[in-house]
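Here come two complexes built around subunit A, the first alongside subunit B, the second alongside subunit C.
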Partner chain A sequence: MYFRILAKDHVSTFVEGLAHVYEVFAPVKNESGFSFEQVSDGSSIVLDYPMTIIPPKKYFVRSKESLFRYDTHSGDVVESELEVTPRVLFGVHACDINALLMTDKVFLGDYEDPYYKARREHTLIVGVSCMPVLTCMCDTWGTGEVQQGCDLFLTDLGDRYFVTCHSVEGAHVLDTFADTHEATAEDTKALEEHLRAFREAFSRPVDATSLQLLFDAKYNDELWEEIGEACLSCGACSAVCPTCYCFDVNDELDADGNAGARVRCWDSCMNSQFAEVAGGHDFRPTRASRVRYRFYHKFWSYPARYGKTLCVGCGRCDVACKVNINPRRIIGALQEGARS
Partner chain B sequence: MKPRAVILSLSSDYGCQVQMSNFPELLEMLSTFELGYWQLVSSGDMPQDYDVAIIEGAVTTDEQVALLEKVRSIASCVIAIGACAVTGGVPALASGGPVRGQLKDVYGSGSSKVGIGARKPEPIKHYIEVDFSIPGCPIEPAELSRTLQRALRALTDNPERQSMCGECKTAENICMWTQNVPCLGLIARSGCNAKCVSRGRACTACRGIAHDANLASAFAFADSMGCPPEEFDALLKIYNAMSDQELRKEAVGKIAAQEVAS
Partner chain C sequence: MKKTHVPVDSSQAYRELRQNPYRPWPARITSITKLTDTETLFELRIIDHKVREQFNFNAGQFMELSIFGVGEAPISISSAPSKKGFIELCVRNAGSVTGALHKMRCGDIVGLRGPFGRGFPFEDMKGHDVLMVAGGLGIAPLKSLINHIHDERHEFGKVTILLGARNPSEILFRQQFDMWRHRDDFNLIMTVDTPDETWDGEVGLVTKLFDQIEVDPAKTVGVICGPPVMYRYAIDEMRKKKLPVDRIYLSFERRMKCGIGICNHCGIGHKYACIDGPVFNYWEAMNLQEAM
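Moving on to the complex of A and B:
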């Protein structure tokens, strides 16, 4: 148990101190909304943001990255592209931290992904509390709080943060770079009040009881045809999803053809090419089968394997999808049918 | 021996060839080919023999049809570059009515003396088999270089299938529709990293309509946002007048029918 109080006035100094040793990435406001960007100046950070368009997964599995380069004549790998620098992600919401714990299961499980692993190991995570917006549903999944997966967590108490330390390195950077003081009884009281306000701020509860069972029974429901008809197959949902981790791998040759790069980029199961195999067979040839697959992966097969739903309720897909396809609606539609 | 390539143009503004000349890796790219002819920069004639034909522009005359047929009989690989060649592009906006009538609208009584051999503008693929299509207005030169390397290795074309929205989100853009600006990213073929929206302009689908596009749903969405089907279709026509005509008609008709029903 190590917790301290950090005045909001001192956050800039803390960030700038961290930036001497680490590359610091934090939410900033731009024309499009909020996104994680590299910062050196603490004053550019916005910690009371609703959500970033793309989650911090972009720092662990990049949207497009060269894995290694090769010589096309010899066929040899000529350079590995894995460069890792010590980083801090500053100001990550609880849902996004929990999402990283879910992608960890995949990338650090039976088949370790060296790129993901190296970046994870060299990145400190400083979480920050938030208040839900209309699309949030972390209350459904219990992902609005953090038990592990970060080094420090800042809970907003108005003019100060209640800082909890989750790792030795987290405590070390806090003691080195931040001007903090001990928590008083008044701070603890304010923390209680924050937590109560957070709980009470959710206005659209979703009951996910026996969800997996419902999904199991409704595999052939006409709902999926209806949803498939509306789906734009654009892949916006999976791009913005903090727990969507699928990727494609391609070879890209240099202009002179002497060398090339093996490139990994985000893929989407909404893409018609996603489940196509050599010879042209397609496991999911229809829009309906693809959109159904995405929800079954999240609510049926991932939980069957890892014991947890592959959704943290961040609400990004709810914002991104133009035709209103999102977990809240799907769960509602499955349950409505069950009652009728 | 290096394969020989020729670059020629039908009806277009030569923008894609200009774009190629801006490509920093152009010389590296051409080191793998012998460049037999480049219409924009060559003063001589096309050689009699070549392996790869890179063709820009829409087909708008009888003469071009004959040229295309000849080129196809010589080249083992034909690469269409740019919106005009791939979808008919802006020239295909004139594909809606009879050519003679349009010439008369523009040139009046003297119209019989102009446009000899003029045809309805169409993409190259309507006349000859095309091995690779590089869409866009203008093309991404790097896409041409990657395609040439695929052609050299006898690989087939592998176009992006998804529409732009996913790529646009990845670029962390705010959606144009949330600012009440109709955007064709909903159905446009991806692959440019949402270049226009990243610079604050709506997507015009210059790369064509995506293989995976759901036109009916996109038209319905646009309608719900106050952009009626005729308006959405007019935007789409700028680069895709000849693409998915049946599906577009169906989508417009479906919404009209729903409005009558309600």
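Moving on to the complex of A and C:
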């Protein structure tokens, strides 16, 4: 691996250099918290942020987008202009990078989603290390570190970053736009200390041993009724979740009726009607069945299909849910029941 | 059964052609046959001749039908793969897309993409007796299978079709099936819940017809397609006839928004009805939460 050291003083210049060639998006502070926004000026970005409200998935699957336009009479389809301006997402946490690797499996599976693919291929990702807050549980899923899925990763060593180059494009922009120097034995020591501090900062461990079996066996547990009763079906948990990706597709007609667009927008399996079919039959008619579906998708179905849990432990749903429904509590409740 | 079945997988074609899998091909309505008050058979022809010539599918697969300006709906292909150049869809007027289709005329343009999903294991079924149970609109995908078996009839043993509908006026393809009742290469039995004065067939639920048939469990493949409530009962009957769990095939309906395994609307346990189904064998279905 190619390692470099980037002094924190030099981050602004790096970002501004990137902004000459790429659209750069980075976390900035606003009234309600932190969010990824386009930046041109390196001083506005905040790299030691706890979490953004909306994860970076919004850059790959837009909350609403036109897939294509058509002529309603001839049926001629005009491909949507894909917005594939080269971009950099600067300052993405390890959990959110790992979340993209999970959505990759879905959007770049047997059938490739051309919109997602084009954006993914034209986006450089610069990751940044973080320290856990109370809601974090990346220690449970091993998603607090990055092995792939980004181009550069910056680990905070106090006054400087330890930069790991994961791709040649990453190394190239680093060499071109950043003033860096070689890592010394002292930097490696500081890295070691950072990693120890990071490991020790997790205070609420979750034991996920045999989780799939537990979920499978407790499919009909009364817990789901209780949780379903509490859930407001607001969908906030899916909107903020970096690994939730369900979408809906609808047609929107121009005012003159001669042309229109096929539009997709984020959906949530927590919405009633998500699984309703003709004749009024609904495969998940109750709130309990929908909450259960969301958790089974994350902890049972996705792992059964792709070999990994569909949760990176970012804790966003924990913050967003007004009635305290989150993976930590659900897993705990399933295990508690198992003990009694 | 030997596992030689290779379904038509359009993902390969979409990938090789760098074709956007969300993009429908314009297709022209070439004929419209009203079947009942609510169901109509539409014959469609994809306009692009290259796409049309390469088009191939298995019985049991489905298309995503677009009405531009209204939306899309998954519809099973009703015609047999041997009918080249045209695709038949048997459609019930059930909502916005299917309602708009029912207002269209010959020559009008719709959109099609597909074929999607895993159909019936036609090749693996060869050499076997086939027992099909269809309720209501469930005959739509089975019609493709029946016609395909008809094309290669010598490859199959005994073929039995049990067909149920609520009343005689709701029987789809009734003319054809009325004639088939007297064939000796297909054993077709029809039943209705509520008969009328024209009816001389059976009365009662389709599962009642199991009393009338002989099944050799060692060499029979079962196929079931119908409304959600029918599966349980039809499976029970097939199990009573000692059919093994992995030789009973079911076709499922789910809400679908993409047809290509991405939108997550059609999830059944860890499978997707759109790419892993809609046809599953009963063993697979038994192991899927929410399957039945």
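In this text, the second predicted complex is superposed on the first by the 338 of 340 C-alpha atoms of A that agree within 3 Å, B and C clash if a C-alpha of one lies under 4 Å from a C-alpha of the other, contacts with A are read in each partner's own complex, and residues count from 1 in each chain.
FYI, contacts are C-beta pairs under 8 Å (C-beta built on N, C-alpha and C of every residue); 3 or more make two chains touch, one makes a residue touch a chain.
Worth saying up front: this structure is predicted, and the values here are computed from it rather than measured.
Chemist: With both structures lined up on subunit A, is it a clash or a fit for subunit B and subunit C?
Modeler: fit
Chemist: Tell me which partner A:Ile54 touches in the superposition: subunit B (first), subunit C (second), both or neither.
Modeler: first
Chemist: Once the two complexes are aligned on chain A, which partner has more residues of subunit A within touching range, subunit B or subunit C?
Modeler: C
Chemist: Examine A:Ala236 and indicate which partner it touches, taking first as subunit B and second as subunit C; both and neither are also allowed.
Modeler: First partner only, subunit B.
Chemist: For the overlay on chain A, what angle lies at subunit A between subunit B and subunit C, C-alpha centres, nearest 10°?
Modeler: For this superposition the angle at subunit A equals 70 degrees.
Chemist: Once the shared chain is lined up, is A:Phe107 touching subunit B (first), subunit C (second), both, or neither of them?
Modeler: Only subunit C; A:Phe107 stays clear of subunit B.
Chemist: Classify the contacts of A:Phe247 with the two partner chains as first (subunit B alone), second (subunit C alone), both, or neither.
Modeler: A:Phe247: touches subunit C, not subunit B.
Chemist: Contacts for A:His281 in the overlay, against subunit B (first) and subunit C (second): which applies, first, second, both or neither?
Modeler: A:His281 contacts subunit C only, not subunit B.
Chemist: Classify the contacts of A:Val77 with the two partner chains as first (subunit B alone), second (subunit C alone), both, or neither.
Modeler: Touch partner of A:Val77: subunit C, not subunit B.
Chemist: Looking at A:Leu67 after the superposition, I want to know if it touches subunit B, subunit C, both of them or none. Which is it: first, second, both, neither?
Modeler: The answer is second: A:Leu67 touches subunit C but not subunit B.
Chemist: Answer with first, second, both or neither: which of subunit B and subunit C does A:Gly257 touch in the superposed model?
Modeler: both
Chemist: Nearest approach of subunit B to subunit C by C-alpha atoms in the superposition, in Å, rounded to an integer.
Modeler: Nearest C-alpha atoms of the two chains are 5 Å apart.
Chemist: If I apply the document's touch criterion, which positions on subunit A are contacted by subunit B in one structure and by subunit C in the other?
Modeler: Correct list for subunit A: 253, 257.
Chemist: Where on subunit A does subunit B make contact in their complex?
Modeler: 31-33, 35, 52-54, 63, 229-236, 238-240, 252-257, 266, 268, 270-273, 287, 320, 322-323
Chemist: Enumerate the contact residues on subunit B facing subunit A in the complex.
Modeler: 25-26, 28-29, 31-32, 142, 145-146, 149-150, 152, 161-170, 172-175, 177, 185-187, 200, 210-214, 216-218, 221
Chemist: Can you list the subunit C residues touching subunit A in their complex?
Modeler: 9, 11, 14-15, 20-24, 26-27, 47, 66, 68-72, 92, 94-95, 98, 109-111, 227-228, 253-255, 257-258, 260-265, 267, 269-271, 275, 289-290
Chemist: What residues of subunit A sit close enough to touch subunit C in their complex?
Modeler: 67-68, 70-77, 79, 106-107, 109-114, 219, 245-251, 253, 257, 260, 262, 267, 269, 274-279, 281, 283-284, 289, 293, 296-297, 300-302, 304-305
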